[in-house]
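Remarks on the structure that follows.
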Amino acid sequence: MSLLTIKELTKFYQADKVAVDHVSFHLNKGECLGLVGESGCGKSTLARCLLRIEPIDSGSIFFENEAIENLHARNLFPYRKKMQIVFQNPTAALNPKLKVKDSLIDPFIQFKKELSLSHFSYTSTDAFVKQLLEAVELPADLAHKYPHELSGGQRQRVTIARAISIEPELIVLDEPTASLDVISQKAVLTLLTELRETLNLSYLFISHDLAAVSQMCQRILVMKECRLVDQFNTDRLFDNERHSYTKELISIF
Amino acid sequence: MMNGLTLRLPKLKRLSWRGIAALIGLIIILIVVIYTFVFLRHDPNLTNLDERLQNMSIQHPFGTDQLGRDVLTRLLLGAQQTIGYSLLALFAAIIIGVPFGLIAGYKRGVIDRVFMRVGDGFLAFPDTIVAIVLSGLLGPGIGNLVLAIIMIKWVSYARLVRSTVLSESQKEYVLVARTNGLSPSKIIRKHILPHIVGHVLVLASLDLGKIILLISAFSYIGLGVQPPTPEWGAMLNESRPYFQSRPELMIYPGLAIVAVVLLTNMAGDYLRDHFDVKKEVQ
Amino acid sequence: MILSIEQVSISSRENKIVDNVSLSVGEGEWFAIVGQSGSGKSLLSQAIGQMLPTNLKVEGKIHFKGSELLSLSRKQFQTIRGKKIAYIFQDYQSSFTPFRTIGQHFDEYLRTHGVSDAKRRRIESIYALGSVGLDENLYKKYPFQLSGGQLQRASIAIALTLSPDLLIADEITTALDSVSGHRVLELLAKKQKETGCAILFITHDWRHVRRYANRLAVMKDGEIVESGGKHRILDHPKHEYTKQLIEAAPILGQGLPSGLQEVEKR
């Protein structure tokens, strides 16, 4: 079943400069879909567009077969609780003035009334935060610290915990490991794979690291200069029919 | 264990003796001012020409002035005028400036441009000129002076808040809040206001000193508080003819101004260090 | 051996950051130092060019082509740094002065190292730009008008204009995405073949080591935990930490970590 379908999505960042050029793809439920491309190819803009943080210029976005590209803030609300994002830089993605627990609880407070959680259960804020931190393998006493007291890997785990706190359908991972060192990268990727299975999540995994993407994802999209140039199942990665740009990427890793 | 220690140390250090001294000093001044308000011993405006220009005595600890009024009483009541009106001007400027800055920074676009051009217009006039022109138009008086100060000062708060909002609302945690469907007012309240409070407090405490000086200066040249109301600047002015024979009449209010301005600046420095989380991070 | 570092320690007032490190780089060799951030690898590379902040103290010996670098005076050192030992840094943005053109950077570099003829400086700079695959008209551009990959190419061009014997490349691809980083390294490898300079390559990315390095040393907490030939370390790591690092870096395909199989395929 298709969870997210993008049709001919186009976005200009200036009147004549295109950022995303007629991109179409779909994402199945429970799947991890990789989106690979070098910096400036429009992959992050695409992510922001389909989360409706940025307006799009043409095309359509279907979430669970419902067109959401023109919905206003209030009508978008039910979809917001099914989509979450994890950004590249966890330092910027956490409010430095808020304690970890306050950042963590933010989405939950927002969607409290509509939520029916199956994996986590809310009895009190402290207990809930503790569950979340446990789920991302962090000690519970981090809840009362500020982000600057945490390491980069810990911070990224906190943003992941925030994303899974409302048990969304889809998490957009925008280069979640790019700002981490090698060993934390590995650990975070392993954690993400485990969480996907236990919480039955779908991922759109955006990265320039083809090696990591091919380990995480079942299907891969390749983007170059604002266009989608290739899409295939991961086991067909080394096929001869791959786009020349995909082959170039393969030769790097 | 070690971790906790190293993290807590800088916080202890930041409670420096200067910060403590400034805060204690300000609190003492406030208590004294309130005390005089409640337990007044002399009528500050009661002229008694028999007792004019007296030296220190138990009856008049700081002596009397050229009209036989008790200097200590006038000094303390002057504090009420100077500090009181300064705080009034400051709060009004903050109350006008902060919302302007918030709206301009968060909405951006046309609203931002209009707000900021209006602000630039106000900023184009030097504060003294605005005050003099206003007094010229509306007549001298403390009310007009406070109005002039508000008109000049609100802009700097609006600009400060706007720049903070602009830089913070670009950050990804605000984007995350938006994907979670938080309304703009909620985002401002939960995510952006904590960043602003520190900045505004610091600027305010530094501004307080400047405003006190401004009010005193204008009262000194007769455009602020009008006699016979006691005010430090005005007192300086009134004692000017007796500068040779009774210099302490000028020294008391002068010292009072210096002390209060110094204390507010110290408090400002202290607050700046206190709210500077960034320094802690690096 | 063109460079040999003997029992070098770097310490601040409170603690030792680099502890008793020894290594040597041969002529024309690509030597990689691998480690995570905070392992002291960058400080070690800065110590070679006497570029450490003054609050850090260096002990030990660094021999470069027969002279002992740490005992040289500032003035003697200036003839070596830049001319014989060149640096390229991670942060390409701040490696260039923002308000000066790329051409002015070349010009200044050549002038301080003794090329007095302005016309020759210009010809040489444009030639150098061309040799790293950059267009001639970038000569008049400002740093912010170039992409990260282009700037890093320009840094390579500048560093190599005076044909140094040793090039120290400190995490030069970290700030680039993997595709442009790869292209920059291909270029560097090509230039190395042409000029025959030795490269001391500081990185945390195993993929680059696998592809380009001849020998490498793994650093952790200021110490070298393992060093040797590339195939020995990548395919038969001895130290637990090295194993952990290799395992953490994902690679495509089923080849050996050192990429031996890939080489055979071609």
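Note that the chains take the letters A, B and C in the order they are written out, and that residue 1 is the start of every chain.
One rule holds in what follows: a contact is a pair of C-beta atoms (placed from the backbone, for glycine too) under 8 Å apart; a residue touches a chain by one contact, two chains touch by 3 or more.
Quantities reported herein were computed from a predicted structural model and do not represent experimental measurements.
Participant: Along touching chains only, what is the step distance from subunit B to subunit C?
Facilitator: Minimum step count, subunit B to subunit C: 2.
Participant: Sort the other chains by how far their Cα centres are from that of subunit A and give me the top one.
Facilitator: Between subunit A and the rest, the longest centre separation is with B.
Participant: Most central chain by CA mean?
Facilitator: Looking at where each chain's C-alpha mean falls, the closest to the middle is A.
Participant: From the mean C-alpha coordinate of subunit B to that of subunit C, what's the distance rounded to whole Å?
Facilitator: Each chain reduced to its C-alpha mean, subunit B and subunit C end up 55 Å apart.
Participant: Mind checking the centre-to-centre distance between subunit A and subunit C? Centres are C-alpha means, answer in whole Å.
Facilitator: Whole-Å distance between the two chain centres: 34.
Participant: Take the average of all CA coordinates in subunit A, do the same for subunit B, and state the distance between these two points in whole angstrom.
Facilitator: The mean C-alpha positions of subunit A and subunit B differ by 48 Å.
Participant: Using the touch definition from the top, which residues of subunit C touch two or more other chains?
Facilitator: none
Participant: Taking the complex as given, what residues does subunit B use to touch subunit A?
Facilitator: 7, 171-173, 175-183, 190-191, 194-195, 277, 280-281
Participant: Taking the touch rule as given, give the residues of subunit A at its contact with subunit C in the complex, in rising order.
Facilitator: Listed in rising order, the residues of subunit A that touch subunit C are 38-40, 181-183, 185-186, 208-212, 214-215, 237-238, 248-250, 252-253.
Participant: Taking the touch rule as given, give the residues of subunit C at its contact with subunit A in the complex, in rising order.
Facilitator: Interface residues on the subunit C side: 36-37, 147-148, 176-180, 182, 204-207, 244-245, 247-253.
Participant: Which subunit A residues qualify as touching subunit B in the complex?
Facilitator: Contact set of subunit A toward subunit B: 48, 51-53, 73, 76-77, 80-81, 83-85, 87, 89, 92-98, 103, 106-107, 110-111, 146, 148-149, 159, 162.
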